[in-house]
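If you scroll down you'll find the structure; I have some questions about it.
Chain nomenclature is as follows: A, B, C and D, assigned in order of appearance, with residue numbering initiated at 1 for each chain independently.
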Amino acid sequence: MVNNIELKPASEFITENMPERYIYDLSAGDHEIAISTKDLQVSYGQNLALSEGDLSFERYKITSLIGASGSGKSTFLRSLNRMNDSVATVKGNIMYRGVDINTKAIDVYEMRRHIGMVFQRPNPFAKSIYNNITFALTQRGQYTKQELDEIVETSLKQAALWDQVKDELDKSALALSGGQAQRLVIARALALKPDILLLDEPSSALDPISSAQVEDTLLKLKDQYTIIIVTHNMQQAARISDYTAFFHMGKVIEYDLTRKIFTRPKVALTNDYISGNFG
Amino acid sequence: MDNITQKLMQKSESTKKDSLGRAVSLAALSLIVIVVISIFAFVMSRGLSTFFHDGVHVKDFLFGSTWNPSVVNPQTKQPYIGALPMIFGSFLVTFLAAIVATPFAIGTSLFMTEIAQKRGTKIMQPIIELLVGIPSVVYGFIGLTVVVPFIRSVFGGSGFGILSGTIVLFVMVLPTITSMTVDTLKSVPRHYRESALAIGATRWQMIYKVVLRAATPGILTAIVFGMARAFGEALAVQMVIGNAALMPHNLTSPASTLTSILTMGIGNTVMGSLQNDVLWTLAMILLLMSLVFNLVVRAIGRRGEMK
Amino acid sequence: MSKSHRGTIIITIVAVSIAAALGTAYATRDKSTSGTSITAVGSTALQPFVEAAGEEYAKINLGTFVNVQGGGTGTGLSQVSQGAVDLGNSDVFAEEKEGINAKRLVDHQVAVVGIAPLLNKDIGLKDLSTAQLQAIFTGKVTNWQQIGGKNKKIVIINRAAGSGTRATFEKWGLLGKQSIEAQEQDSSGMVRSIVATTPGAISYAAFGYIDDTIVAASVNHVSPLNKNVASGMYPIWSYEHVYTKGKPTPTVAKFLNYLTSKEIQSTLVPKLGYISIHDMQVTRELNGNIIKK
Amino acid sequence: MNAKRADKIATGVIYAISGIVALILIAMLAFILIRGVPNLSWHFLTSPARAFEAGGGIGIQLFNSFYLLILAMIISFPIALGAAIYLNEYSKKGKFTTVVRTAIEILSSLPSVVVGLFGFLIFVVQFHLGFSILSGAIALTFFNLPLLTRSIETSLAQIPNLQREAGSALGLSRWETVIHIILPAAVPSIVTGVVLSAGRVFGEAAALIYTAGQSAPALNFADWNPFNISSPLNPMRPAETLAVHIWKINSEGIMPDANAVSAGASAVLIIVVLLFNLSARKIGAQLYKKLTSA
């Protein structure tokens, strides 16, 4: 179910008394929240990269994070499963399943099994396709060969890669093309059956065809996973996501249903961005 | 709390493994540090006992030019323990070897990185690695059978001396300096070269004005590392330098280095005697010099970063 | 079964089998040999002799193992006086070595070694007096012409300070005078090849190193020959010593007896260029007194 | 046309310099091989050395060299690996790291004579290990550690950070990521580094003269019980290696064929080091190919 939103030149919507910020309140309606943040602040040394990051994400929906380079959207995403821990100071709360996961008491490694992440550049391990998928599983549990085979098949099918690689599962993953490798990486993340999948510009390093394949994959995954995706590509955000958050200078400026943001943004800045006036 | 939340609050196996792995690898690292510290402490305590236990003056040791620890000077009642000839000899061969080796190293590295990259890596890379691999005994053997007779027939004398030592060390430090210079040259960004060529510079102008300038700190580091290796080399130098604890008055008269006197004497002296202690003092100087070389490398690195 | 567990199991199996193998090996080890090993350390000049004799000894005394190391006279004497090894091989009297308490050590003289002045062939001299040797090594003469040789500069090559050969040469060849500081080499083989190839070179080495690449000069008209040393005519020679700390244990004493036995002294000793102690017609004490037997 | 001419001259000079360097190596190899290879025979390679007679071989020395090398590698590789992992994966920039790196650099520029003497006084004398393979292996470990640590660290640093991120994103701890992802990917270049350093260890003499000793007692090659004194595997026996043997023959050799033995042994040493170098490239390339190919 692809959104059919036409991106219009939006200057006509600008009115005198637009707000400086608009955050759609998910908690008001009948929405199941998968993960939410409160007072999230991320700083690299002295530099504050993100402030006032208060967002909630609905379960089994795709949310896009858009904004110019350096707007803080990637920083925000990477803070959600604490990938920034080693390089930055992250303050504030990240609520997941009723607990704040941004505390020392939380086992990050366990947490990341439930909140998976896929990066901009495909990064398959120097292992076979099969082992790429099973590796993280076997590190922490007992599986029979049959179970593993099944998991490999399902996750590759979910990532729409099964048909292309089913006969060469023993091949080195480094031999895959860019689009295939990225889908393998997604399959690898899915094999752990996470709740939430974070994607940091997953298709920006890919050619248009591979990019479209990845988008298809994400749409298919929606019924089982909560997906948060950072993208530079506004068409992509418009095509696949249910919600969109617009970041600017380390702040969330507008957060709303994708349909609304791209047709009738409430903040002038958002309007400027999506109509291509900056960024 | 559901199952997953509970798991989140517990230490996972990964965390436990990680702590263990971290501890194990830190232990390995600490072991190395302990080894270094104990070698350091050991050599220092032995070397310093010359001054504290045997009552030798540091000045006499560093600047005296007569070395004969088993004989007591009738005037000062102190043995002859002037180490200046060896210190001077060590520095002289080291600097000469570095001076000779540097142009060769830079030329070879330029060949490998700028002129003929394909052939460079295919032919010169293995050659450089092989030169590193040749044992110093073999270098000494070649020095003794080829270099020394050659020097003798050209310059007269015995053939043993600073010049022979320099030639042998030159070949030994060449690969060290070259391979490190190659690394530095490779790290000079490509767009430096491209922009130089784009404004019409010839290849040599590009190399000389852009690449070498940018790589200067790295090349200096490489040279200092080469010198550190030359300074500490023992067997090969000992076989060709002649081992006379005399101030060298020309390049072809027998001379000595810290390492050569140290290796020769250590078996013939008795532990705890002054003759033995002074040899450990020589070892201490070697150790301190390798520390100095490292500090120099660091200083160069910092200045390079600031630029 | 997961991979990591398989790994653990394999490692355990390997570890257990290694432990088992070592255990079996330890249990079945050759108990007769491990108890009696004699360790000798010291003079590199004496090393080949003791080593060769040790191998012969082990053949006829199954189960005894003689372990011989170089390391130098100084090392040998300090190790044996610390009791770290059984035998300390030395080229000099322990009393002559600084830093050694010789009182606790027992001297066993196992061979005699003669030392000859080595000259380059082009010098044109075949005989030197001790006075001439003194003059050469103390730097009083610097050209061979001054003492009747060809017009060539004198090039002195010494053994390393502290080496037994040098000590003996200075004591008996230079009559106690020290050589001036000159080029040093730490081995006789090296000295010989340098003298052979360097015009005007002079050095000294044990008789065993004499060959036709160099001239071994006679001293005070006495040729450097074993029989001249044995008769006491040739002056530059010394004993080769093996020291023990206190009285040797029976095992060690047996080996020392073997070293001085007729059999070894008449076969191995001459082969290695030493002179048998049984051939000596004189003995020389530490203070240099020569006594006719 | 001045710049053009300068360019031509400089290019010529660089070619000449590289040519000279290549020539030096070729001349040295040729010298060693031409002098040594005629002395090689099966007998020479397998029979024990003789102290004062002609016809000795280098069999025991050759065995000792390999045995010592293997022991030294077994001791030093895990330590170097651990240290390299800590330095590259765990440590943060700071005073501690600077001190540690300086310490490693010092250890690597330490004259091997000093390492040998330290080993002699501590392990041979103090710990009563005697002149033994074990003492020698420990001394070689000291000599080898800094080289190996640096080479492994470089190999690890070459693996892009993407791989580490991938590991953490899957909930793998840093340690699991390093052991199962980074290390396997770095194996080709680690292997190359290890084999190259093995070549250097193989040729080391100065550190061994006072630790593993200068004598090679006869071995009983039928007895592989490491607790027997004449067993080749006994780590407590003295063991002269090939490089030490060359050094000893050149200085003290009184056998009539000392020159031939020394030339032959040098040739063997060079050939082994050459083999190490060539196989390092081959193995590294092969592993890399296996890792990335079908």
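Things to note:
Simple rule for what comes next: a residue touches a chain if its C-beta (ideal position, glycine included) is under 8 Å from a C-beta of that chain, and two chains touch if they have at least 3 such contacts.
Everything numeric here is computed off the predicted structure, so don't read it as measured data.
Counting only chains that touch, the fewest steps needed to get from chain B to chain D is 1.
Comparing chain pairs A-B and A-D, the larger number of C-beta contacts belongs to A-D. The chain with its Cα centroid farthest from the Cα centroid of chain A is C.
Put simply, the chain closest to the centre of the protein, by Cα centroids, is D.
Inter-chain centre distance (chain A to chain B, centres taken as mean C-alpha positions): 53 Å. Chain A and chain D, compared by their mean Cα positions, are separated by 49 Å.
The distance from the centre of chain C to the centre of chain D, each centre being the mean of the chain's C-alpha atoms, comes to 32 Å. As a whole-number value, the distance joining the C-alpha centres of chain A and chain C reads 80 Å. Each of the following residues of chain C touches two or more other chains: 44, 70-71, 186, 190. The set of chain D residues that touch two or more partner chains comprises 171-173, 176, 210, 250.
Chain contacts: chain A has residues 109-111, 139-140 touching two or more partner chains. The touching residues of chain D, counted against chain C in their complex, run 51-53, 125, 128, 130-131, 209-210, 213-215, 217-218, 223, 225-230, 237-238, 248-254, 258.
Considering their complex, residues 160, 162-163, 165-166, 168-173, 176, 180-181, 184-185, 290-294 of chain D touch chain A. Chain C meets chain B in the complex at residues 44, 70-75, 77-78, 97-100, 155, 157, 160-163, 178, 181-186, 190, 194, 197-198, 201. Within the complex formed with chain C, the residues of chain B that make contact are 66-71, 149, 152, 157-160, 238-239, 242-246, 254, 256, 263-276.
For chain A in complex with chain D, the residues that touch the partner chain are 81, 83, 109-113, 116-119, 121, 123-127, 135-136, 139-140, 168, 171-172, 174-175, 185, 188-189, 192.
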